Amino acid sequence: MNYRRLGRSGLQVSELSIGSWVTYGSQIDRGLARESLAAARDAGVNFFDNAEGYAGGKSEEIMGEALKELAWPRVSYVVSTKFFWGLSEGPNQYHTLNRKYLLNAIDGSLKRMQLDYIDLVFCHRPDPNTPVEETVWAMSDMISRGKALYWGTSEWSADEIRAAWAIAERHHLHKPVMEQPQYNLFHRRRVEDEYRRLYEDIGLGLTTWSPLASGLLTGKYRDGVPADSRAQLKGYDWLRAALTDADKNAIVARLADLAAQLGCTVGQLAIAWILKNPHVSTVITGASHVAQIKENMLALDVAQKITPEIKAQIEAIVGDAYN
Amino acid sequence: MNYRRLGRSGLQVSELSIGSWVTYGSQIDRGLARESLAAARDAGVNFFDNAEGYAGGKSEEIMGEALKELAWPRVSYVVSTKFFWGLSEGPNQYHTLNRKYLLNAIDGSLKRMQLDYIDLVFCHRPDPNTPVEETVWAMSDMISRGKALYWGTSEWSADEIRAAWAIAERHHLHKPVMEQPQYNLFHRRRVEDEYRRLYEDIGLGLTTWSPLASGLLTGKYRDGVPADSRAQLKGYDWLRAALTDADKNAIVARLADLAAQLGCTVGQLAIAWILKNPHVSTVITGASHVAQIKENMLALDVAQKITPEIKAQIEAIVGDAYN
Amino acid sequence: MNYRRLGRSGLQVSELSIGSWVTYGSQIDRGLARESLAAARDAGVNFFDNAEGYAGGKSEEIMGEALKELAWPRVSYVVSTKFFWGLSEGPNQYHTLNRKYLLNAIDGSLKRMQLDYIDLVFCHRPDPNTPVEETVWAMSDMISRGKALYWGTSEWSADEIRAAWAIAERHHLHKPVMEQPQYNLFHRRRVEDEYRRLYEDIGLGLTTWSPLASGLLTGKYRDGVPADSRAQLKGYDWLRAALTDADKNAIVARLADLAAQLGCTVGQLAIAWILKNPHVSTVITGASHVAQIKENMLALDVAQKITPEIKAQIEAIVGDAYN
Amino acid sequence: MNYRRLGRSGLQVSELSIGSWVTYGSQIDRGLARESLAAARDAGVNFFDNAEGYAGGKSEEIMGEALKELAWPRVSYVVSTKFFWGLSEGPNQYHTLNRKYLLNAIDGSLKRMQLDYIDLVFCHRPDPNTPVEETVWAMSDMISRGKALYWGTSEWSADEIRAAWAIAERHHLHKPVMEQPQYNLFHRRRVEDEYRRLYEDIGLGLTTWSPLASGLLTGKYRDGVPADSRAQLKGYDWLRAALTDADKNAIVARLADLAAQLGCTVGQLAIAWILKNPHVSTVITGASHVAQIKENMLALDVAQKITPEIKAQIEAIVGDAYN
């Protein structure tokens, strides 16, 4: 495993990392979580992504319990959480980034995860109803009080990220250092275009999510929705339409042929393609089985095989069929 | 119940809220307080206003005890207190906003209310004998130390509010976000004229008090002072003259006729009229009975009926009979 | 008793206050201290001055023990200490204002005085071997950490005071608000001339010491050094020569005549004269007996009698016989 | 013993100090450490240098245990540690100055040394993979939180030191005050040339290491590597070549002749020569025996004998045979 700096920060994260979204609390329980984390660490993974809103807090509890049992030295791994979708309804509890919610939320996450501090805290979405300055103060205060080490955003516009950075610089607060955007072969414009100037100007790091476009890039939706897939889970109906798009599945089929030539799966090829982007600090991968983790890790080897020629072939296959 | 942002901050407060002034400790005991708070919360109220000086600290104690028994999640409600009238005589204990008093006062309020932090802390009046800079530092320090979330002022001049804001901006301290002014049909100039530029310039939020002009706008003083009214309470003699003003009571009579046409009380009409002012974040209403809380809440429906035409009629009735 | 603002700060201190220098630990024990403090408070005194170096720490211990027994509300009195003459020899322990010494010293004083915070902390003398910036940071840090409320200097030059203020302003630290200079009829140039511009520019407050010029202004040295006087105490030999100066004692004799006309002692006249200077926040008086405290307090009445004419007579008597 | 200010700071360190590098944990155990520290203190030494990476943390443990037994007043001695070479492998644990590592490291050192704070914390080497700004924030936060008093660097370039200083000045953070460079007769360019402007511009202090060039300047390598020398220790093979350089040992022989004329050893002469550089705050000397400490201390007397003429003779002997 190689490690990359989280943007211009000094923190080193493994190129591939593990996210608990969707899986923890719904498909994965405590025992499985411990096994998955152990398998990932054996492969060199040091970053484990989480959020308050995943499975209504259960994802944090399960990961926290597993980490406690594994008892690794605290300095040797990096854990995140994200705030925006709180655990209860109410004007200051959900869909907000105001001071009251955020300072309550970090204490809740620390308790659920049984940790003294969380490495990375993200503003899970922008909140148009809270001034950026209020959010920057609260995030920076978490760091000043020793409850978090670095803070960043997820799915914020380039303008919002820069606004947050500039406010922190002006008021001598801790600045945001990373963003967690969706990034995969079918979803690229924000990372490749919108954020372009931020990499150099403020040293933005990326922890990307959905490398397989919710499974579309595994090819398993080429013949409809399998019974045990994420798109069948309650509350994920919205995924079904996107996953069964005929044009995209046709592209996946052609990518699968190319992958076969390289001796890998289309999913590994899709992850390896992301690894070639130097602005990406780490690719967060999902994991409902230990086997899947091991399979995903093989993308590290595939990345070595993506020559400029192979990359050009991939681009030609995808064309402009992406957001 | 709708929720409004507290000025430009991200905190959401219910359009109507409950204040403990006058009532708690003198008319309302612990049991009644718990019932009132519960009734208000059922109606969607999430903000409960208080002050160190109300009933010599008893108002905080009663509300704190009631909140403890109700055991709502801390993130789900917003509590305030205010500092200026301390609980004991002495040059640094009363009528002051100096550092020594303020840092003592917050600890006292937290203890009396049995809370880890207070959401909103107000400077209850301006203090000409303490530099604004000293007060800004102490208020900001309360927030930095996690004892409060937002701070503001009550009955400060526009100039004083702006001075406080500018000092905080210059020294990178927490800025004041709200002001608690008196505001009702008979008391309007400060909110409508003096503060005019502050709404846009610094995003000032308002938590207004005395919506019924101490009861004058309920119409109950049209035939003198009733035996059980606030104006009969010990120490409130100063109210009596204002409440029995003949010209104002004549206006109240005409407003009562208009209210009758809308199928509501004159008090509900008066509260509804305040709700139409978009600069108001929340209207603090008093409550000596649970029934009164329910009655006040109906003003939310009345507000829907205040068309531009009705509003014009109200203005015509009041004329310039206001400060 | 009247109270005056400590310079432009919001803290109110009594016009006359009590200092423990010389007396506590050497002439006054715990029981006497408690009696003295109680007598002073009865007279309206709310400020009690102290220093780490007085009687090698014993002065703080005695005052702390007495305050504990008296059990007044903490917000009702103001206590000071001063740092420079540490309690032990060593390059970072004595005659220094460096960070290491200061942060050790405040913890020691809090322990000896059995207090959670000290109201006023002074840099007892300037330290040419520590940069002013280092001292400003350490003093400000005491306040940020809640261990002190206000900080200032003692016997610093105007230039040094302004340098400290400007560094604090530039780095957004807590600024010095007061200075403790010697000030009496025979020692005036610093207060009246050197500091002149500081009162308006930075709002400097003064807590003055030695109002009676170490006793010279009581007239008791007109016939030599009495057996029980301070000038006989071990380690105060340097005082003896100054106290027996013939010219000065002649002036004292003439002041005594004037005092007799006003129906007061020359000491009371000397203290009253200081009270007429509006830049003085409080006059620190010594106290080896309860009777002496009561006698000094009468200077408040004498001050009322010092008309411009009387003041002119005093100035004429003293002439330019002062530093 | 004389004391010198640590650069422009107010902290006073003894001209000669004791370092635990190489010796503690490998050659020196707890009992010997206590004896060495006591002997050094008797000679007036008040600064004891350490680092997390020395003997894998054991050096800190041994010194901490010895200090605890000696029970000197905390204010009377100065202890350092250094961060960069962490105690375990891993991307955020070793060869880094990122926020995660540093904030973990200080807590580890405090625990191993059984202290509430460490006087001096050094960034043991520059880290090209962490922005200077991130390191400055973390070091400054250690001081803000009361875990350290002053921070500095070791073996940083002049440009890196100035960058750190300027960032701290701009964001009102605690600035670096000292650097720990290698400095001896054979290693001079950085201290004498590269840092030249920093002494005046930012008041940089120096705590120099390797005064005897790892023993070369004792003359004991003139006939090869003795059996009990540092160059025989496991892991120090790299030293052997440098120590047996023929040209340098020839220079040492000539210096030894000069030393003999002055009645001292060549090692004492080499240390005394460093003491003549006014930019040096303290010369850190090693100590594997109590006798060696006593011998090194005699360099203080030798320094008095280094007249400009003697100094010129030394320079002539060394010529340009130095880095």
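All chains are identified by letter, namely A, B, C and D, in their written order; residue positions are counted from 1 within each chain.
In this section, contacts are C-beta pairs under 8 Å (C-beta built on N, C-alpha and C of every residue); 3 or more make two chains touch, one makes a residue touch a chain.
According to UniProt, the chain labels map to these proteins: A, B, C, D = Aldo/keto reductase.
The shown structure was predicted, so the numbers you read here are calculated from the model rather than taken from an experiment.
Any chain touching subunit A (Aldo/keto reductase) that also touches subunit D (Aldo/keto reductase) would appear here, but none does. Common neighbours of subunit A (Aldo/keto reductase) and subunit B (Aldo/keto reductase): there are none. For the self-contact between subunit B (Aldo/keto reductase) and subunit C (Aldo/keto reductase), the two sides draw on mostly distinct residue numbers; the shared fraction is below half.
If each chain is reduced to the centroid of its CA atoms, subunit A (Aldo/keto reductase) and subunit C (Aldo/keto reductase) end up 63 Å from each other. Separation between the centroids of subunit C (Aldo/keto reductase) and subunit D (Aldo/keto reductase), computed from CA atoms only, is 44 Å. In subunit A (Aldo/keto reductase), the residues that touch at least two other chains are 172. Residues 3, 5, 8-14, 46, 73-76, 78, 119, 144, 146, 149-150, 172, 174, 203 of subunit C (Aldo/keto reductase) are the ones that touch subunit B (Aldo/keto reductase) when the two sit in their complex. By the touch criterion stated above, subunit D (Aldo/keto reductase) contacts subunit A (Aldo/keto reductase) in their complex at residues 86, 88, 90-93, 96-101, 103-104, 127, 129-131, 134-135, 137, 141, 145, 171-173.
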